[in-house]
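Next, two complexes with subunit A in common: one pairs it with subunit B, the other with subunit C.
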Partner chain A sequence: MSTMAVDVHPPVWRRLIGFNLLTGVILGVGGWYVGWFGAHAVVAPSLSFFGDIDFNELSLVLAYLGGVVGFLTGLGFLNYPLARLRGYPSSLREKETQGVGRYFTLCTDHKVVGIQYLWGIGLFFFIGGLNAMLIRTELLRPAHQVFPAGTYLTIVGVHGSMMMGMMTSGILGPFANYLIPLMIGARRMAFPRIEALTFWILMAAGVILQTTIFWGGFPTGWTGYEPLNIEAYQGMDCYILFFALVGISMTLLGINMIVTIVTMRAPGLTWTRLPIFAWGVLSTAILMALAAPVLVCTLSLALFDRVVQTNFFVAAQGGSSYLYENLFWVFGHPEVYILALPGFAIVLEMLPVFARKPLWGYRLAVAGLLGVSLLSWFVWQHHIFVSGINGDLRPFYMLSTELISIPTGFTFICGMMTLWRGNIRYTTPMLFCLAWFFNFLLGGLSGVFLSDVPSDVTTHGSFFSMAHFHYTIMGGLVFTFFAAIYYWVPKMTGIQLSERLGKIHFWWMFLAFNSTFAPLFAIGFLGQPRRAVTYAKSLQFLNDWVSVSAFALGLSLLFFLATFVYQLAFVKKPAEANPWASRSIEFQLPSPVPVHNFDRIPVFSSDPYGYGEGPAPSWTPAGAPAGRD
Partner chain B sequence: MAEPLASPGTGYEVLENEPPELMGRGLRVGTYLFAGGTAFFFLCFLFAFFYLRSLDNAGMWKPKGVDASIPWGTVIVALYVASALFVRLGLADHVAGRHREWRQKGVVALALGLAGLVVQAIGWSHQGFGPADGGFASVYFGWTAFLFLFVFGTMYWLETVFATSLRYRNTLTGQPAPGEASGDPDRTAHDIQDPLSLVRPGLEALSFYWTFLAGIAVLAWVLLYLV
Partner chain C sequence: MATHPTTAAPGADRAPHGRRVIVAWLVLSIVATPLVAIFLGPILPPGNASVQGSGQVVDNTVLTATITPVFCLLLVFFVYVLTRFRAAPATALEDGPPLRNHNGIQVTWIVVTTVVVLSLAGFGTFELLQNGSGGGQGPSPVAVPAGADHMMQVQVIGQQWNWTYRYPGYGGIETQDLYLPENTYVVLNVTSLDVIHSFWAYALGVKADANPGVDNVAYLKTKGPRSFEIRCAELCGLWHGYMYQTGHIVPQSQFAAWIKQQQTLNASIARYMPKYSRSYYPDPQRRGG
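Let's look at the complex of A and B:
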């Protein structure tokens, strides 16, 4: 008999009392007001020796921090630290409930956290997408028509920040949290509470960003550039807090992933047998653990400038806005690969399954992933080619940026060679993977124009660069995100998704995506700058084409959402344990996976890509008593 | 037919009694990585220091009268370093089985670290310049403020390790009541077999991190007070 299972079902009102999302929201609102009034009543007098403090800014910042603390307290995140403070020993798990309720509270089951991430990230991705629709609505006409310029900039900023901030965890959040312990033969993540914390911090961050509209918004786009940053309304504080919280979440998520993969692999799972998805997660997690702290620090300095009047980024007072630009992109370019690398890994993980061939060049693929991860640290100044950097530095950063195409090319080679003479099955996940080749190739090739100084001088800050990064991020990350959904959600939920509806979604999205973003290259070459609410009349036809295509793209995502919810909530077609005939270990488990993952810790004897090389590997039970790793 | 890897019927009891070595290993590796993240965090201040110093925009890097007090800085860093040293010595005692001596050194380390934080807070108000007084002042207040936060967190960590040692000082079998720290009074078994044995790896990880952080404090002292 399970010691943790809850057999009795108390009434709903009773289940609402305790540490859960409802309590978190109530305490979050309370914490917000405590922070707001506490800043004026207590903090302001005690910091008077500092002199020039903007107490309105300080109050807002402390209000949001109070809100976050209250929210996490309500969810139960302070219970364990307080118990430890009183000397109680370490433990791994919180009291866990069954049923739907566990998705609305602190849960230390990695599979629950993965599904929480899937819906949480999905919600904010949906909001970010709605912002994109508003942007394209405004750009239907060359002159102002719907929003004032400031509001338009805020919408652009929220869209960019939401997508770049939340989607950093778009793959690692739902899929790595859920799958990595299964793929490496473990029963949990290394730090289960931290795993849960990363999710709930991210949700708090997303809400904070949305509230920027009540404080005047922010004009800087997702980069938060100085000196615009320090001159902006209080809505800028929401952006800063949002991204700083995202940075904290990313750091903790990255560390947790690395520790899990390094220390918790089951016997026999050597580095050369590790699934390529796990390598991709590891490469990404290294960037997260090291780059995200730079983001947190940089944004904290920006906050200091705004609140306690430091001068890190104020040139007239001994600072420099270039300091911000440099520090931001030290994080910002690895960030691009934090978004891209999991997509590489998903494609390489799925191709052998649907081509029925072993992964070609496993070690080359790993070298490619790690190579991108390493080189991404040495390219950041190509983002500030036209910002007045020392001209002598340009050739180095141009070269280093172009160099990164080599390890990226490894992924392409390994993917293409895996497909070569394969027995390809055009399933929905496979179609999304194949689309990645097309999209990312266009994104990568257009990136060459932005890494070369002469062409970057012309295209920088135009719609050309916007088309480029949408091809790499949406074409690279979001398409593989959907591949992952169609591939792994049957395992995660035990419910099979319709292939027919999935293929309709794919073709609709693929065509609308390319129809939306390909013309932006032309619009950029013709001189339309980013983040401008008006444009030349001669560009209206192209812009209208893009807007209509964008609406079609939005509708394709709505179609997905509607069919996805419909199938999960109403159709509920049971999924086979191994619907894709995969040799990977997660597909050898029941669907959905039991809470303990494995009855006994498995022993690995090969990698999971030996298609056409004899029978599937067996994971001989170690023979150790249940419960021992 | 191979034995199935898992069956839906099995419950949470499979998760109980995990050997503590696994968590201990995770603690160590996690701490190394966290130290790496911490290094990248403080690298921003190092970069800002040299970057703004070399630019000296508007001659405002370090205006006249903006000099951090060396005595204050020395006392603060000395307290941090001494605290880290006592944790190291305490770890040596723990490894040698001298648990009473470890606890004595642990409480001294905690007191020294907290004293360092108090002196830092007082020191800020006695510097004779504020955060708005140029580039150096910004770096000074930013760096020391974040160092303060990180040290505060480390003191929390030290307190938890110390408190567990103290609470179970007379427990020989290493079996406190199951679920004591998990908030689950119904739990009948530990999810970590012998959770008290984690005090050692916890202390090792803490000692490494606190020494690392003290190293950053020494670097800050050299740059912010001496250069």
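Let's look at the complex of A and C:
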């Protein structure tokens, strides 16, 4: 259909003109000023384009919203709906764009979006990590020393928001977008433009959060508790807009994943043949699609309280700070499983490959993923056991929280029994997966203390809980994130990554990670509160130990970044199509994967875990012939 | 690359792997669990300065002892599996036995984890309901220790960025320092004037959020005289990190003397102070528009 010749070598200046990131940034800045001055035209008593004008909350909010609209317009998100409104047929141009330029514009090829996500999320992950280094620098001494008090809180808040906001899409963004259509035998995601939209909204959100420093930062940490939220300066608006945009991105991403997996599976790919990774993505996507809207609504209420004088959360005027806590954690607890579940799925997906055995207890593993997904809705008040809300419901939330270890245990037993009597290869991705067991075990066992109300009285709000969720999220999500990078990036880029460098990275990161976070359990048990800039003198040695280890951890990530970029940009050693001898379908495709994935849609006859069950592949390319959609 | 080389003949490896792991686990657990309970238990937080604190130490000891065998199981399992089933370079791509399921193992695992989890929840509930465990329970507490009607009341008021205390049993006087008599049951009524704070007396095992407009009740029975640190455990703005104090548990006679002195100090300012109330509604600090 699209036979127009694409000239891939026009001069550089010509290539910069059009709908792309550059135009997006220019229109974004323009939109920002339109919103800013527009709001002033409505609400300010006087308007001066060059002198000082009255500051108001509304102008800032509208400025950022104008900026987002301008940014998305510049990227070309209005082209398709406008063209359709004017009666033009739909086209595949957004997908078939060639060259490096497609990574800097609206591209509807799910493989391009996956790689965009990988770099975009990676960028913000490193910014978040840098903030962690600053926090540990401040905590080298028990008293206040490096940063002004407000700056320190902003650093803590940006670190938390960056990690809890951007990293929610850390697996689903890069890897599910790239792999789910391949794994289910489809040529695209269900909603390719929405898929691209989720990425660019997320990038806009990340930038908005960074700009909080121009408005004085925000003092609340990533939870944004009321009524401190209402009291805070304009930097708070950046947090609210950031997280609301992240929520919108997550909702759309979740819906897109659910619809894709439910409706676009190739013939023969029944629910019991679906790769376990797809099950993990599905259970995560359900949480995203249902929990993230709660976040968007909650933050909208907070924004109304700040901007247009409503009183949802102001106790003296009939509101309640409990309302915010409740709404936030109704989102917030599914949120932490949005972070954890993809890790479970990655571990279960890779163990069969590197133990050369079928996934043990497939149905139990699926039940575990779905069970966690379901139970995570009934546990949120364990975050507010000592808040004074619903004192009589605490035994229920203690029970529901502890029940969630049962489906989590399913993942453990299925993983462990998959290793049992296997033929285990210690490749880099396998090492990261095995580290998941260790980290998540410590994270889970420490969670027992936090779920138990009497014990939680002491551990809540201390470094113990902070160590706990770093073990589950960094130890669970980030370690599997790297497993996924080492496992799938050779497929995604066609470039092989060095096993030796990968193993150095692994051991460095694993040891530094445990040396950083294990002592924090002790520090929390000894009574150091989170997010406080001061601590008892007697805890200085442990804190210094943690800080030094954290710097080593930071360096291990820099080492990864340097070796990763060096290998992709300079060494460029071509990867085999199936470097791990995996039976999974994505590794049976040529590298790089063709734009439309399959010449003929595959027909599946079993799950991809038939190790030791004979050479018959789990699928044949016998379905519908090449047509593009 | 040959993706599907020869499959190991099923049942070729008849070594009693399962029995070895279970025996090693049992031995390790039986040795480690009592050691953990005896040596680690007593140093677990938050210490024995109050009845509630001691209760938490018991709780933490039981939890630590419970998770020890779990930790041992995974430790033994992984050490065994990762050494014993390591691939030799020559046969690295040989497939293992295609074990897909085992109903006995599944059922055992589900039953055991369920029993452990339910016991933990039951134990936690029992401990909580005994004396409230020092946690904030809100305005209508459920875990009320016997004799709550006759306890000494102390109101804890959080504001940015300090704690003050009112003693309704002594005319609602307000003090800058927290003094409590020894061996006494105390009701803490925690509230806030502005944002959410959290009153945390670590050594006493007490933590209760201070919410504006809410009376958050926590119970506490002091033991012998000592000092203790008070911190704010909920991020409350700019000087959150400096919201700490030292409180004191003192002998009854010394407490009586102290409260008398405070009453004298308060006499001159009493008429300016708001009447004692479960909560206060100062004008909220809000900006915006």
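Here, the second predicted complex is superposed on the first by the 590 of 629 C-alpha atoms of A that agree within 3 Å, B and C clash if a C-alpha of one lies under 4 Å from a C-alpha of the other, contacts with A are read in each partner's own complex, and residues count from 1 in each chain.
One rule holds for everything that comes next: a residue touches a chain if its C-beta (ideal position, glycine included) is under 8 Å from a C-beta of that chain, and two chains touch if they have at least 3 such contacts.
Small disclaimer: the values here were computed from a predicted structure and weren't measured.
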- Item | Touched partner set for A:N79, first subunit B, second subunit C, both or neither | first
- Query: Given the touch rule stated above, what does A:Y426 touch, subunit B (first), subunit C (second), both, or neither?
  - Reply: second
- Check whether A:W360 is in contact with subunit B, with subunit C, with both or with neither, and answer first, second, both or neither. second
- Does subunit B (first) or subunit C (second) touch A:L526, or do both, or does neither? second
- Message: Quick check on the superposed pair: does A:A315 touch subunit B, subunit C, both, or neither? Answer first, second, both or neither.
- Response: both
- Task: Based on the superposed arrangement, let me know which partner A:T251 touches: subunit B (first), subunit C (second), both, or neither?
- Result: first
- With the two complexes superposed on chain A, say which partner A:R500 touches: subunit B (first), subunit C (second), both, or neither. neither
- Just subunit B (first), just subunit C (second), both, or neither: which does A:R14 touch? neither
- Common interface positions of subunit A, toward subunit B and toward subunit C: 305, 308-309, 315-317, 320, 322
- Message: Show me the residue ranges of subunit C that touch subunit A in the complex, using the header's touch definition.
- Response: 1-4, 7-8, 13, 17, 44-46, 52, 55-56, 59-60, 63, 66-67, 70-71, 74, 77-78, 81-82, 85-87, 91-102, 105-106, 109-110, 113-114, 117-118, 120-121, 124-125, 127-129, 133-143, 190, 194-196, 198, 200, 202-203, 205-209, 211-218, 229, 231-242, 244, 281-289
- Query: Okay, in this complex, where on subunit A does subunit B touch?
  - Reply: 1-5, 49-52, 76, 79-81, 83-96, 187-188, 190-191, 251, 254-256, 258-260, 262-264, 289-294, 296-298, 300-301, 304-305, 308-312, 315-320, 322-323, 326-327, 585, 588-590, 593-600, 602, 618-621, 626-629
- Task: Could you pull out which subunit B residues touch subunit A in their complex?
- Result: 2-19, 22-23, 25-26, 29-30, 33-34, 36-38, 40-45, 47-48, 51-52, 55-63, 124-125, 130-132, 134-139, 141-142, 145-146, 156, 159-160, 163-168, 176, 179-184, 186-192, 195-196, 198, 202
- Query: Residues of subunit A touching subunit C in their complex?
  - Reply: 56-58, 144, 149-150, 152-153, 219-221, 223, 225-228, 230-233, 305-309, 314-317, 320-322, 355-362, 364, 384-392, 394-395, 398-399, 402-403, 405-406, 409-410, 412-413, 416-417, 419-426, 434, 437-438, 441, 445, 448-449, 451-462, 525-527, 529-534, 536, 576, 578, 581, 583, 610-615
